[in-house]
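Should a chain be cited, it is by its letter among A, B, C, D, E and F, assigned in written order, with residues numbered from 1 in that chain.
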Amino acid sequence: MTNTKKPSSVWFDELSSKEVADAAKNGTVVIFPLGSVEAHSDHLPLCTDSIQSENIAFEVAKKTGCLVAPPFRYGICNATRNFPGTLTIGFDTLYRVTLDVLSELIRNGFNRIIVMSGHAGNSHMVALRLAAQEIVIKNGEISPGKVRIMVLSDFDIAEEIISKYAKAGDGHAGTLETSRMMAIQPNLIKCKGQADTWNLPRFEVIAHPEKLIPSAVNGDPTIASAINGEKINQYIIKKVEKLVRELETK
Amino acid sequence: MTNTKKPSSVWFDELSSKEVADAAKNGTVVIFPLGSVEAHSDHLPLCTDSIQSENIAFEVAKKTGCLVAPPFRYGICNATRNFPGTLTIGFDTLYRVTLDVLSELIRNGFNRIIVMSGHAGNSHMVALRLAAQEIVIKNGEISPGKVRIMVLSDFDIAEEIISKYAKAGDGHAGTLETSRMMAIQPNLIKCKGQADTWNLPRFEVIAHPEKLIPSAVNGDPTIASAINGEKINQYIIKKVEKLVRELETK
Amino acid sequence: MTNTKKPSSVWFDELSSKEVADAAKNGTVVIFPLGSVEAHSDHLPLCTDSIQSENIAFEVAKKTGCLVAPPFRYGICNATRNFPGTLTIGFDTLYRVTLDVLSELIRNGFNRIIVMSGHAGNSHMVALRLAAQEIVIKNGEISPGKVRIMVLSDFDIAEEIISKYAKAGDGHAGTLETSRMMAIQPNLIKCKGQADTWNLPRFEVIAHPEKLIPSAVNGDPTIASAINGEKINQYIIKKVEKLVRELETK
Amino acid sequence: MTNTKKPSSVWFDELSSKEVADAAKNGTVVIFPLGSVEAHSDHLPLCTDSIQSENIAFEVAKKTGCLVAPPFRYGICNATRNFPGTLTIGFDTLYRVTLDVLSELIRNGFNRIIVMSGHAGNSHMVALRLAAQEIVIKNGEISPGKVRIMVLSDFDIAEEIISKYAKAGDGHAGTLETSRMMAIQPNLIKCKGQADTWNLPRFEVIAHPEKLIPSAVNGDPTIASAINGEKINQYIIKKVEKLVRELETK
Amino acid sequence: MTNTKKPSSVWFDELSSKEVADAAKNGTVVIFPLGSVEAHSDHLPLCTDSIQSENIAFEVAKKTGCLVAPPFRYGICNATRNFPGTLTIGFDTLYRVTLDVLSELIRNGFNRIIVMSGHAGNSHMVALRLAAQEIVIKNGEISPGKVRIMVLSDFDIAEEIISKYAKAGDGHAGTLETSRMMAIQPNLIKCKGQADTWNLPRFEVIAHPEKLIPSAVNGDPTIASAINGEKINQYIIKKVEKLVRELETK
Amino acid sequence: MTNTKKPSSVWFDELSSKEVADAAKNGTVVIFPLGSVEAHSDHLPLCTDSIQSENIAFEVAKKTGCLVAPPFRYGICNATRNFPGTLTIGFDTLYRVTLDVLSELIRNGFNRIIVMSGHAGNSHMVALRLAAQEIVIKNGEISPGKVRIMVLSDFDIAEEIISKYAKAGDGHAGTLETSRMMAIQPNLIKCKGQADTWNLPRFEVIAHPEKLIPSAVNGDPTIASAINGEKINQYIIKKVEKLVRELETK
């Protein structure tokens, strides 16, 4: 199955009905990017997670000819749910959106899909994986191996090289995220930011986590740089490009 | 309640947590735009509905200082559900997304909201209205009149002047939608299109509506023009601006 | 498929198990009438919507030999939900009742069904149509064209001739409904009624619509007449009879 | 709390909005009758359960001035679910209908309610009781003792005197039900019927119970009589009248 | 189908994956025991229902070679729900647990199952039966008679001989339950107990049933004896053994 | 809040209603242990996860006087779901069980709870945490800090010292689990086991993970020892004891 002709846009819904039908016949891979609307301290915008995954998806699509489905920018935010600006959604809501989008892509004949989230929260990722699992099991019974779905956060890949660019424990709104945003949308960087460390209880589930992490920062945004952000983004793009190629060829 | 300071971006999630907190204190109105991924014949892209409502929201926000929440581009498509490219979602899915987004905006202190959909299908609009109604009732019991939500399709407003620009019965992928898209994103117009008329049974609910409306066009895209599209868009922008002003002042 | 023998009653559940089995074999059409328990001002009873659709169903059944399933008199009432007497139900409740009744009729071998509601509220009709659509799609995949379901409000048909008997904008508890009730159950007319106009916000979803429409009347009940009511009813009966015939013959 | 003025009809929805408001102020009791659409052998109609509870409700209302809410004629039928004519509904469906109707009656100020089912199946009665329990608990926390709901099957009361009129083990479509129907609606008795005994496994849950009870009769309809039916009905009416009086006075 | 080799433990989950696979091939019957965490007055522990059914299951398994699935000790308690110690669960919760456990046992090849509950509350038993019914219907359509499920309370069997050992009306925490517990786990008997009678309204669903049954006892625990308890237990064991044999041979 | 009197049993449901009421007044902590029924290769039983958490809970309760609620032995197993013996349950099922048990414990006055699972699968833990979060938020709004819930897997704690006893990457049915089971229930060790490594795709969600991990082992059970198992168990017991003490004192 090879993708002989690139679609007229990398964005799934910028194509016409007919163009999508053609793309489906060509075995085109689809990336479904997700993000969150989540407090990322004072220096980063709420769309930080969304921008990162959408950028990766866009760049990979330009290289590979895969398509990018309309992003879903609302995610499940637990630790930051009480901060101003965060718009968290229910587990079932995210599960159903993912299930419906995957079902419809498959009904359209797209059976090579990458669900890629810029937000990497645990509940969030489980909702995505369980939706994908239901689709894969259901389709696997009908025609084994025909439907293939990957679920990942681009953060999972960034972590492979995080030690080169950030101190240990770097996370939410830290060096990595700030660097990547500086490379993608420097205009959305509000200020320099401040270094801080998340100090949430390991096991206790609490009503007001925001009181324990008032800056919302976990890491050091002050050492972030656009150059490093670009390197990290390029690294992720290459890795996701490989995933697309893997799905195209089998 | 007057909005004394414009936020740094019209897009809700391009703001930081702090900026959103400030906007909420200023009584800023939020528009939540929705669309669909839906077959619009060969000449228009699947994102036609999304582009229209997002464009209106964006222009109104630039004029009024209101904010635009991250759009949700997946909608409930009944008549076109079996066409290539359409990605329809369940009633409950749309209902829950809307409910969660509205709940979270209100938790953030935004209690003047316009839910504006570029897709105007009946089931789709009912899902939006029922979600808004649940929120309004729930909040109305606590503090009457504090939370105000409008639910509309920009198509509802366009219909007021449709007879100036299109033949009677103009609808899906017809003169109006084509003209508006020519004004907003001419690069996404694929070809000239063809005139056709939807001929679906009035009462019967059928398994394959697409067989009765093979072109998916209801109207005459061949007489569309960017100039008329611009006029229609400007008309809608003015009307929605008035709605925002109405919400700001009470 | 012709209905050679009329059942011993038009009411589905006045038949015995065996009689129903015979009717199913004969390709008998079934009408499932729905209504509402809804404030219709001081002059009309709460059952106004129910009486109208049940009367149409009954008269059509007498003429055609089709059967009438036990009516469901609870509906979704949004605008009138806070008036005394209104008993509104949830969207899911109506959806499930309709889904279950349709599923069971089809399991019994009745695959020509008319869902006819005397209440025509938008959410109410969408619940009915989505339930019918789920059934039609599910059965359409197994045996295309075998199951046929129509969903309508008798008010949809009345609207075709409403301008002959009522002023423009006639609606809830107005000339038309009052006339029809005078023709069907004059004993349930409480008093003459008063003319009024619904003046609800076009887009805003509000907590207390009843405050804006205190009489609940939209139209002019004072010019209603039993004679006109009878004409309207006969018109609808003939149209629904045609729908039954259409279902019988294909 | 005494009911000083009888409403113009015993049927809740034959009243106007205003009449219902007055009845609520008078502390009027409401009976919500339920039945089933269920195979009752060849001699009885599918509506047998519905007719019985509606008749009792109607007669009690005439005596006491209580109101009868619109009956719900669809029930949960397990043992007879595969017979022609049976239209069984889901547990959740019945639960939600009951919950919504009770909630709305209480919102209207009716807080003395009898839920009376002509169908006495175990799952069916549990759905009714759990819905009532949820309402009672919820309201009990707000205002203890204010809301009072009874849930019963008229069959529960008939059983007190069943041994006078029927052989041991009399049940579905047997002497009692046939006698009662002969007294209420003799025109719906199709033929004499035949004696039979249900012989279902005590513990095993089976896919096709109808094969083990092909006549659907459990008892002896051949010894039924209208005179006995009338006596039984009168007995039940008196007992339910007492329940209404009990609710009125406390 | 005969069970030629006894598994290394009667407890399903004390076996290894491989041992379970072997047992499934041998047509081994599985008992799924349920109980409750429910106030049983001062003399009996909350686990009274659980202990009884688990003991029966264990003894039957030792005799027959059937397996006992991990017990589920949480049940639906209505009358006792407000007593200290009772941990009641929702109807849907119990339904889903039962559905999932049955589905998974059948996926493993165990299609002869006894669901045996020590708690015999009406809602509780209906949840179990409806879950079993859904499984049996679903599997019955694929391969009739292959899957066989029994649902019972061991109390149903005890009732056959209750008059030998207890006064009429013996029930919750009475002679029977106390005797059985004295035979199984005498160490959990806290004190002698006191005779009492449940006096709950026959039809009314009330918010605080515990106020009408303050001791929680329905019967006379003071005449209980371990000897009688042992006789009752042996009687039930023999009867359940017969049920297992019946399932093994067909 | 100090626990002055130890209850008569560590098991919650071995107490009487009265004893539980007393324990609640004393601020007693409750541990709710969960496990799974999951294939653990040929050498370990399906109850491996359950045994571990129940053992820890039991030992901690003996030391601290806290109570152990009836364990729930069914969990969500993704990677091993198709192996013989695994009985996996739905996400909603686990979520609801946890929600109901926590709600009921809190209704009983126990507001210091540790949810401790022997199974540490990601979906499984998220279901537990989301249920706890819902309870904590709901109660936090009423009375901040009153309700405190911890959610953990004993495996989380074991991991702190795993490098002392096992090779890197030790996991499912490996050195650690085998050692711990050898210390707790040596009689359930079936054979020596074999070393193996899980090799599942990092991102792809697949229909048949069991084909890629045929032994189900991830680690080296052959180097397991009861002595090491005992050390690990003692380490975990001490750590969980500390958590109980922390909850007791605040």
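Simple rule for what comes next: contacts are C-beta pairs under 8 Å (C-beta built on N, C-alpha and C of every residue); 3 or more make two chains touch, one makes a residue touch a chain.
Since the structure is predicted, the reported quantities are computational estimates derived from the model, not experimental observations.
With contact taken as defined at the outset, there is no chain that touches chain C as well as chain D.
Considering every other chain in turn, none proves to be in contact with both chain B and chain E. Taking each chain's centre as the average of its CA atoms, chain C and chain F sit 56 Å apart. With centres set at the average Cα position, the gap from chain B to chain F is 48 Å. Our note on geometry: chain E versus chain F, Cα centroid distance of 25 Å, whole angstroms. Within chain E, no positions touching two or more other chains are listed.
If each chain is drawn as a node and touching chains are joined, the picture is one closed loop, every chain linked to exactly two others.
Across the interface of their complex, chain C is touched by residues 8-9, 11-21, 24, 37, 39-47, 50, 69-70, 72-74, 83-90, 92-93, 96-97, 100-101, 104-105, 108-109, 188, 190, 216 of chain D.
If you check the complex, the residues on chain F that touch chain A are 78, 91, 114, 122-123, 125-126, 129-130, 132-133, 136-137, 139-141, 144-145, 148-152, 156, 201-208, 243.
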